[in-house]
Every structure is written in structure tokens, then in C-alpha cells.
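Below is a structure I'd like to ask you about.
Chain nomenclature is as follows: A, B, C, D, E and F, assigned in order of appearance, with residue numbering initiated at 1 for each chain independently.
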Amino acid sequence: MSSIVVLLVEDESMVLIDVEHSLVDAGFEVVSATKGAEAIRAFNDDPERIEALVTDIRLGEGPTGWEVARHTRSVNPNLPVIYVSGDGADEWPSLGVPNSIMITKPFVMPQIINGLSNLLNEGGPTSS
Amino acid sequence: MSSIVVLLVEDESMVLIDVEHSLVDAGFEVVSATKGAEAIRAFNDDPERIEALVTDIRLGEGPTGWEVARHTRSVNPNLPVIYVSGDGADEWPSLGVPNSIMITKPFVMPQIINGLSNLLNEGGPTSS
Amino acid sequence: MSSIVVLLVEDESMVLIDVEHSLVDAGFEVVSATKGAEAIRAFNDDPERIEALVTDIRLGEGPTGWEVARHTRSVNPNLPVIYVSGDGADEWPSLGVPNSIMITKPFVMPQIINGLSNLLNEGGPTSS
Amino acid sequence: MSSIVVLLVEDESMVLIDVEHSLVDAGFEVVSATKGAEAIRAFNDDPERIEALVTDIRLGEGPTGWEVARHTRSVNPNLPVIYVSGDGADEWPSLGVPNSIMITKPFVMPQIINGLSNLLNEGGPTSS
Amino acid sequence: MSSIVVLLVEDESMVLIDVEHSLVDAGFEVVSATKGAEAIRAFNDDPERIEALVTDIRLGEGPTGWEVARHTRSVNPNLPVIYVSGDGADEWPSLGVPNSIMITKPFVMPQIINGLSNLLNEGGPTSS
Amino acid sequence: MSSIVVLLVEDESMVLIDVEHSLVDAGFEVVSATKGAEAIRAFNDDPERIEALVTDIRLGEGPTGWEVARHTRSVNPNLPVIYVSGDGADEWPSLGVPNSIMITKPFVMPQIINGLSNLLNEGGPTSS
């Protein structure tokens, strides 16, 4: 059985590796990027392949996580979006996209797996 | 008893008058604006006075409804936001703010009153 | 401004008139039917025109409200559906469609107006 | 058609009259009380008759709105409960009951009508 | 401590084994069936024992997953129901039951575990 | 990365150990107590450290789980609260706090992990 592909964007390599490991463990396939521009490029390469986005907010130079989410949602309006950040939570009400989840650091991995599951289960025909 | 003040932004005067009338009828107090810049000015004059935003998307020159919402939410992260539009619904998943409602034209007035009531009832301590 | 068309199905003429009056008062346009077969015919005549269904369960001979809802949803998977009934509520968990609302008699008109508003506001791009 | 009976508890007579008027206008039948003890007595007289509770928090001497809600819910676990108050909202997270709505003053009447409709539509078999 | 019994219905034996393994791993007890008629028989043997249903849609000859869900819900109106399918998602809005979840293949196991947890946590007294 | 601290209150030591093990496995840090008074003391020692409460209802002598939840919520109104109990579910609608989850025994561990994740993901800026 093929799997569900998550685009994971995180500039701290330790966190990236941890989250990637947890996602793979849960059965997801992961495309990872450490910069916003790299994430957008990876998405544009094959937009239909990416079925969910998990992104940090601060990504060094270039597009922020807010911008990555906005770009991917402009192509796929139903894309599940999860923001993970230590300090961007205050801006989520004004810069986040609708139907997204904001997870603040520190967090535990089940929050991401659970958030993705909730958003995916509601996708396609929405769960009632 | 004082009332709840809604900032209403709409550049079609016929729709503005209709919606304003319905809001006043429902007991709300209305501050209205026909342009984005005017709306932002009205909000900045006294941000604590405005308790909800109902905004059209296309507002002629200047800031769009997306930008008005983002500005007001950056000051008041809990502000209830309702977008009303004939043609902006497709952009809502990428340009809207979290916890907002998108109402597409044509609509009936109870959709706005009901949307505001839902968002207000969940504000402060959130309804369970 | 054109309005939102509700297909209203009810075999008790007194209730039909009351609900129709309330819907029109709220700004909706109403197509009414007193039998299931008549409702399905009215829907099939122009499926795109009907934007919501409010239906009683027991409709004398012919299709029940459960069947009317299932038929209309098979054509328009996003159609808002409200069942109104004195005695069908027990069967709703097994015979109702997902994302529908069950209103039991006696009821007050705002329950229908509010239910329709909630379902319509969540349609198209879903409210967050 | 018989109606839905709401127990309304409010010690400010001006507010009581306003809310009662709005509820009756919306089609509800109202049993009103100005004290907590009176409200509990009215409920105990015929618990099955009362189908929803709208209560202020501060009620002078005797039981508060928190206590009225807890008593009525201990008899009818599915009773829709709405608290309306100018200053009790801070205590709602620790003293309110589950699945209740907190409305803070100032409010508009549609918030109460809408809140009741939402809770009633979800009652019996829950709306999906 | 005794556990929660899930009725699992799936005609592809590879998927059946995978899902069963994941459910057992998560602490559930599993009653499995590969045909709709077998599932209904297993349920009827002891309806109170089954606390949740996870069912594929296409089940070869005999009752489909839609019919299995409708039968079990007619006996237990609160039964959590999850549909898992590669091609039945389009029919869910017209053939599914209220308060059910539709998971489309490909999926990851946490979607099922998470879906069951959400539905079970809301059962009995509903989570707020 | 530091973790999320859960206050776990359970007077059956076998259950306490099982749940604690599952929480630690999921990445949480656990402060455990076997009595209500002990739980309240542990919370009061450093209220900001505790980020969620998982509590049994019956705790032998002293405060019940209902009272522990009410105390912790009076200090931290946004604290995620999960009740786990074999026999307290009937009282949840009158004695529970808003936005809490009731899990009845028997349960599986993912119900707790999933419940915590849902409540934490909605905390801070609420997920849309």
C-alpha cells in the first residue's frame, strides 16, 4: 500500500530529524526541507504528491512558514496545515490559514500525529 | 444596556445598507466603512471598541478585506471575523485568518447574525 | 440580490405553511412539496437551483424523508440537510446522512433558520 | 403545536423582561425566576417540562447560577445550559458544566436564541 | 482490565491483518470478518460486546459496509463507525451514517486509532 | 527539548503505573499523585509547571477528581482536563468542567494520548 506524503519544513536539524522519524514511524512518507524556498520548490515539483504540510515558522532567510502555507494552500485549498513553533503562536490568529493547527514548542510527537490524523480524516468527504 | 460594536466594511452601498439594517435590528451597533483604508482607520481610532468584523473582500482601491482582517487580528487576536463576498471564496483557504467564517453571496441575513453569534458565544471563555 | 433556495418537504399543510413563512421571512426562497416523490421530481427538475433541504420523515405513501435526502445528496454531496420530525429521531443514527441535523417536534423556527445558517456557512470553503 | 419550555433565571427585572420577551418572540415558552431557590423549586415541580436553562450567575441570596445549573443537570444530564453574566465569565472554566455556553454582558438577543438553537439541535440524537 | 472490542470488516486479507495488528497493538480487542453477512452475524451474536465498527465498503457478495453500519447502528445508535475504503468516499455523503468518519486509502494506521479514540471519547457522556 | 508536564491522579496503583508508562512513552513528563489532597499540593507547589490534568474520579478519602479539576482550573482556566473513571461518567454532565473529556473504563491508552493532544493543540491560540 502506498502512503501519505507529508512536506516537513524545519530549520533546526535536530528537531527535523526527530519529527521525521516520528512521522515515518507512524507510517507517513516524508519530504523534508530546511528553508522556505526549498519547501516551495519541493511542493511545486509535484503538488499532487504532497498531502499535508508540517512547518516551522522561522526558517532563516527567505519565506517564513506562514508564506509556505499560504503558497501551498493557494494551489491545494484542502491541504492539511500544521504550524510548529516556539515563538510564532502569537501571530497565528492574524497570519495563519483557516482550518490549520498551531502547535507550540515544547510539544510531544503525538500532537503532530494526532493533528495530522484529525485533518486527514476530515478531508475528502468531511467526517461528520 | 450598552451593545456590541461591529465594524462593517462593504463597498456596495446597497448591500452595506441592508446588512447594517439587519445588524442594528438584531441589536448590534455598527461602525461602517466603504474602503479598506477607512476601515483600518476606524479600527485604529479605538481598537477596544470594535468587538467583531464583517468585511467584503473586494473594496476597490487600497487594502482588501483579507488585509483589513489581518490588521485587526494582529491587534486583537480574538476578534470574530466574517468575510462576505461574491467571488473571494476560492482564496479563503490561503488568505483568510483562522477561526473565521466565509459567507458567499447570495446569502440571507441570518447567516451573518448566526455567524456572529457563534463566534461571540465562543469568545472570552470559549463555549464548550 | 438573488436568494438561497430551500426545498421544503412536509405533508402536514399547517406545519408546511408555518415553516415556509418563517423561511421566506428570513430571506430564503422556498420550493415546497408534500410528498417524497414530488420532492424528488422538484429537485431533479433543476438540481443546481436547490441549495438546501428541509424535510419531514413520514411523508405518507412513497419515498420517506430519509430517501429524499439520500437521493439529493447522491447528486449534490454538499447539500445541507435538515430533518424535522415528531417520531423519526430514533432512526436518525442509522438512516440519516452525515453532516445532517435532526430537529424533533415540537421545535421553534429559529432552530431551522439557525441550522440552515450553520450548514450554509460551513459549505463551499468550510468555516474554520 | 406545543412549544419548548425554557427556565429563565435573572435577578435584574429589566433584563429578565427583555430576555423573556425575545424568547417568547422566538417561539419559546418561558418559566421565569428571580432567585436560585425559586428556580430550583420551579424545576423540581416538573423536571420533564423544562427543556433548557438560561441563567444569570449572581442571583442575590441563595444558590448561584452555577448551582442551579448543576442541580438541573444532575436530574437531566442532557439539559441545554446557557449562562448569561456581566462578571462570572472568569469562573466559567472552573464552575461551569460541560457542553454549556457562557454569554457575557453586554450581549445581543440573537446570541441567546442562537445558543439555544445550537444546543437543542444537537440534543436527542446529536447533529453530526 | 478488560478492553474495548472493535468489529473489523475487510475483505482484503493483507489489509485486514495489518489493521487488526495495529488495533491490537493499541490495546483494542478485535472481532474480524471478511464478508458483510459474516460481520452482521458476529454483531448479532452479542451486540453489547461490540463497542465500535471499522468497515471497508466493498465486501464482495452480500451486504456492503454501508449496510453493515446501518444494521449495527439500528441496534446501537451510539456505535462509533469508521469507514475505510479506496473508492467509496464519493458515496459517503449519501450512504454513510451520521457522526461517522470516512478514511480513504491510502491511509496510515494512526488515522484509524485516532478516529476511534475521538469517537469513543465523545461517547457515553459526550466530551465537551 | 523540555517536555509537557501532566499531573496524573489515580488511586489504583496498577492503573497509575500503566497510564504513567504510556504517557512517558508518548513523550510527556508525569507528576503523579494517588490522593486528591496530594494532587492539589503537587499542583500548588508550582502551578505553571503543570500543563494538563488526567484524573480518576474516586480517590478514597479527601477531594474527588471533580474537586481537583475545579481547583486547578480556578488557577489556570485553560488547563486541559481529562477524567478517567469506571463509574463517575453519569455525574460528568453536572460535576465536570467545561471543555473537558470523560473517558470511561475500560479504555485504551490512545484515548488518553489522543484526548491530551486534542486539548493541547487547541490551547494557546486555538486550532481552527
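Criterion: a contact is a pair of C-beta atoms (placed from the backbone, for glycine too) under 8 Å apart; a residue touches a chain by one contact, two chains touch by 3 or more.
Values in this document were obtained by computation on a predicted structure and should not be read as measured data.
Engineer: If chain C and chain D share one sequence, what is the angle of the rotation that overlays their CA atoms, in steps of 5 degrees?
Structural biologist: Superposing chain C on chain D takes a rotation of 120 degrees, nearest 5.
Engineer: Shared numbers divided by all numbers used: is that above or below half for chain B and chain C, i.e. same or different?
Structural biologist: Interface between chain B and chain C is built from largely different residues.
Engineer: If you average the CA atoms of chain D and of chain E, how far apart do the two points sit, in angstrom?
Structural biologist: 38
Engineer: Go ahead and note the Å separation of the Cα centroids belonging to chain A and chain B.
Structural biologist: That gives a centre separation of 29 Å.
Engineer: Do you know which chain D residues sit against two or more other chains?
Structural biologist: Within chain D, the residues that touch at least two other chains are 77, 90, 92-93, 96, 98-100, 102, 113-114, 118, 125, 127-128.
Engineer: Tell me, which parts of chain C touch chain E in their complex?
Structural biologist: It comes out as residues 69-71, 73-74, 77-78, 90-100, 102.
Engineer: Going by the contact rule at the top, pick out the chain E residues touching chain F in the complex.
Structural biologist: 1-4, 26-28, 113-114, 116-118, 120-121, 124-125, 127-128
Engineer: For chain C, which residues count as touching chain D in their complex?
Structural biologist: Answer in residue numbers: 15, 89-90, 92-93, 96, 98-111, 113-115, 118.
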